[in-house]
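Two complexes follow with chain A in common, the first pairing it with chain B and the second with chain C.
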Partner chain A sequence: MSTPDLLVQDRPAALRRLLARPELGSLIAAVAVFVVFAVVAEPFLRVSSLGTVLYAASTIGIMAVPVSLLMIGGEFDLSAGVVVTTAALTSSMVSYQFTAVTWVGVLVSLVTTLAIGWFNGWMLGRTKLPSFIVTLGTFLMLTGANLGVTKAISGTVSTKSIADMQGFESCRWLFASEVTIGGLTVKATVWWWLGLLAIGSWVLLRTRFGNWIFAVGGDADAARAVGVPVARTKTVLYLGVGFGAWVLGQHLLFSFDTVQSGEGSGNELIYIVAAVIGGCLITGGYGSVAGSALGALIFGMASKGIIYAQWNPDWFKFFLGAMLLLAALLNAYVKRRAERGPR
Partner chain B sequence: MSTTRFRPSRRFWPVCAVLAIAVTAAGCSSTGGRRAEEARAKAAATGGSAVTTPRWKVAMVTHAGAGDAFWDTVRKGAEQAAAKDNITFLYSNDAQTQNQVQLVQAAIDQKVDGLLVTLAKGDAMADVLGKAKAAGIPVITINSGEEYSAKFGALTHIGQDETTAGQAAGQEMAARGRKNVLCVIHEQGNVGQEQRCSGAQSRAGAGFQVMYVNGVNMPDARAAISAKLQSDPSIDTVLTLSGPMAATGLQAVQDAHSGIELDTFDLGPQVVAGLKSGSVGFAVDQQPYLQGYQGVDLIWLYKYNLNMLGGGKPVSTGPQILTKDNADALAEYVARGTR
Partner chain C sequence: MSSELLALKGVGKTYGTVRALQDVSLTLRSGEISCVLGDNGAGKSTLIKIIAGLHQHDEGSYTIGGEEVRFGSPREALDRGIATVYQDLAVVPLMPVWRNFFLGSEQGMRRWGGLRLDADAMRATTREALAKMGIDLHDVDRPIGTLSGGQRQCVAIARAVHFGAEVLILDEPTAALGVKQSGVVLKYVTAARDAGLGVVLITHNPHHAYLVGDHFTLLKRGRMAGSHPRAEISLEQLTTEMAGGSDLAELSHELARPSDSRNSSGSSGSSDSRNSSDSRDSREERPQP
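Up next, the complex of A and B:
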């Protein structure tokens, strides 16, 4: 022990390790939200409600995984919300217009979202502009393109139904099916979420690439000096966001058959909220993937809990904002305490 | 230089107090404000329930964005009917399809006794309404989605067919001899708005143009409309598609300084004032209050007596054409938020 700090030394090592975890704040918040709604909302504890809450959390969580990785890497993606809609629109229109098996649309959509992610990363590396500006640009462009292209091709603002096309059923099975386990209805998005969560956590904590993510987010210049390919790391992180958007976009398409072109915008901030509640620092270099899952879960519990509790949903956004502030404060506090202790 | 400290005389504080009272008294507005609103609320009939049925629970899930005056009126109607019918009324809304679907699912989880849903997103609601049906919850669709309603197993639909409403507006404009109409769409990509404009175009029998403005940025919308009016002096009629947009349209017409008539869909305080003063020619109303009120009331009738208005055929709440003749009566109802 190099720093003599009586306060910290007094604590057992296990507790100290726990306090240093980025997820701690969100774990406390998640438990608190759960307890509140379990007490005030009778339907909240029903198994069927749990399925609804998990589903709501998964539709945020699928994107919160790559978005939190990106934030640990020190960057934003404001286009993350509309890319989801782009993914769904691309898949639907490609399949419909070419009368192709729906898998063709699904694959074209994957290529498209990865290309958008690559574009964001490439622009960032090339121009050295802040990612806030670069992705704000792609966000606006995609919002316009979603509407413009859809209208030009289908004549209306939503896509035509592809429910009767070949391959729809198998795609639906992959992206939008549901299984009932002991009364609990689990949608496909929940499996995708858990899968992405496991992969994201493993990459971040157990691989060299994970170390690179922390390095480029903590101090890009220092990382470059020790040989970390900074631009390439960030581009891969943007590709990850593209992949997440593809998964969620396919889910939207195959569970609802048609896609509205104007949707998705605004959700990028929800993903960032989930990541921040989960302990990601907005300046990068610190955070966790598991925390983003807790953030998404808090979001799912809060958004549906308010309905189950029969509260006035007009206040939902207020509640969410207060949660965000509290989580950020708690994280800052915990981090300060942890940094005071020995490393 | 010496500074003299302000030393209040003995009379200072009493004078202050008298002044404060005087200002407070004189400062009371004899018109408008909260007091007037409370008086109106009292005047609007409320009262307890008039029935002896058990306390049923009815949920309404709409595609409305937050803080929309139109949906507030729908809600008021539903709450009024709920009070009368001894019903617990639950309201929730989300403009995004997947979130609205989740809200409907949450209502089903709560085991509500009846469900009112808007189908602005059509196909997307098929699955979840199937679940409502499987759970034995009676569903009535309101406002939008008439074409899907029966297909998804709803008991009936209460709303206005937007194409019909557009045609009614077109006919009225033709009757009024309007020559060149500018239809202002304020939500790019809203199917209902497109239908209103194209319906009006089909019956207007005049020059007809459509322009798109950004409805969530009113100064921008106003500037866009007045720029259009200035650049094309042959336009003699502006057709807006909502109450708030009509107010913006009126400002734009004033900017343009020309004898342009504004006609609109839906109502609002400014629209009624405009009808009264003559700056608004007519308004096509779909009676949002009725959509909420009838929705709840029809659920009650169905559960109480298995009744269904129109035998399950869509029930129209509009188009109702309102002109200067109705303005006086409407003013009061708009002010209390039920029109």
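Up next, the complex of A and C:
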């Protein structure tokens, strides 16, 4: 038990820092999952499969970026799954009911998701309740509202098609197009994902606001005492979740042109799993955005790899749960390493 | 030269039903070290949290340069040049040393409109500021939680000195420190005073207080038990007042040996203070006459 510690102590600082990086565990896990499926599932290594895996990863990864930032900031958002559906529904219904231009719905949808994010942040700051409770409340409310409003307006559980409206093609181009590069089909969500990843990671590691994210998650009282606006920081993180939900919601709408109002619920847990696998500490103050991408990639590889390997897909959730537990244990271990005294 | 920086008059504060402070007054001038002394729970931390904007007073007045203030957050106090080192809220353990050092006062790169952190400059500044305090920390990327308690305290003090414009507040800065670091901190405190800052120094230790203080305020169960300029009080009187008259005999007995050895060896203040504060804690268990 003490041997590895001794070894690590003797290594140079750069290597020691590498070993304490939050993403390290998820990188090893991603490589392992890749190797396993490359060996057992022949179609896994085809270029077309890579496109499919990337797409699956991107639909999780777009949300995993803001969710991991929020988790580093010390909070959860259980409404992150259904708010994606809310975003799609709002966009579709506003366009259908009030105008015949899809861009209007898209913009109203953005305002709506940001307002929901702001509400979560404001409630948290105001009530001092745990975010688990606050966002469980918004989760339930949105689940009910998604179904209730859709049924009241369209009479069914899905929205009407908006495919013939003005602006549909340009919206589809922005949110749901695909390009084929040398046999590899890349969906628009992949670009959004990479963009959010780059911005999120840069903000976290290179800006003042990123410093505040670590601080409010690590010790909110200490952060407040040196002048960090704790409540405002958290609210901005919730706005980030709202933005991600907007992007993903528009993608769902413009790739299928109708929306099922019952979708989305349950995905919030997958986003959280991706963030934790990526090295985010559940208690906050530690983690990485790049890691959340690896978490999303593991999700994409495993969900599609199981199908290519012709395994029973029922085991997918089991696999995900096991990964989560392993990752959480590893993170706790890395945290203890990071905190422990010098000698 | 010594203009008034801040003044508290008749300040009181209750936490729910606990009366933590009552009718406390304190004036701080530039170039002055004002010491606040008192036993555990006397209300010292509460007093400085009011000055620092972490809590608000319920009674009395708080003025800065003659203007009445009531801070809603520590940020407002910091913006008025009041920097604080808290006893219990010093640092965020998992964050690297340099990020902690600049937390709340991050330095941006001008080229990026201040948006991008100037991480290299921040690291270098941190290293320099710590070196000045006698801490040679090469790897400022270490999580600050891996430093010893005293080193962490020094980072917090170095940070407050670095960013503090006019008023420096220190809540028991030497409590967790060894002899050498205590000496360094006290030197820092006097250097800050000589640079024209006003310093509020909170301590359990009358010896440390008397080494540097210009004014002494004693708190007892939330009330002022004395307020003296240095000229009016000797170390013996200060110790006596702090202990409370009836416990004097016992205390002087307990302090007898350490104070003899101090006369010969200059600065062994800290280890002595450990002894005396330990014995005070045990004494508190006994019923008061």
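In this section, the second predicted complex is superposed on the first by the 323 of 343 C-alpha atoms of A that agree within 3 Å, B and C clash if a C-alpha of one lies under 4 Å from a C-alpha of the other, contacts with A are read in each partner's own complex, and residues count from 1 in each chain.
Operating definition for what follows: a contact is a pair of C-beta atoms (placed from the backbone, for glycine too) under 8 Å apart; a residue touches a chain by one contact, two chains touch by 3 or more.
Source: prediction; values computed, not measured.
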What does the overlay on chain A give for chain B and chain C, a clash or a fit? fit
Taking the superposition as given, does A:Arg126 touch the first partner, chain B, the second, chain C, both, or neither? neither
Rounded to a multiple of 10, tell me what angle the C-alpha centres of chain B and chain C make at the one for chain A, in degrees. 140
Please indicate which partner A:Ala222 is in contact with in the superposed arrangement: first for chain B, second for chain C, both, or neither. second
Which superposed partner A:Phe214 touches (first chain B, second chain C, both, neither): second
Which of chain B and chain C A:Arg232 touches, first, second, both or neither: neither
Now for A:Gly285: first (chain B), second (chain C), both, or neither, which partner does it touch? second
Minimum Cα separation between chain B and chain C after superposition, in Å, equals 38
Can you name the residues of chain B that touch chain A in the complex? 66-67, 88, 90-93, 96-99, 101-103, 105-111, 121-124, 126-127, 187-191, 194
Any idea which chain A residues touch chain C in the complex? 13, 17, 206-208, 210-212, 214-215, 218-219, 221-229, 281, 285-286, 335, 338-342
Of all residues in chain A, which touch chain B in the complex? 43, 46, 48-49, 52, 55-56, 59, 147, 150-151, 156-158, 161, 163, 252, 255-258, 260-264, 267, 303-304, 307-308, 310, 313-314, 317
Tell me, which parts of chain C touch chain A in their complex? 52, 54, 73-75, 78, 84, 86, 89-95, 99, 102-106, 108, 115-117, 119, 139, 141, 143, 145-148, 159
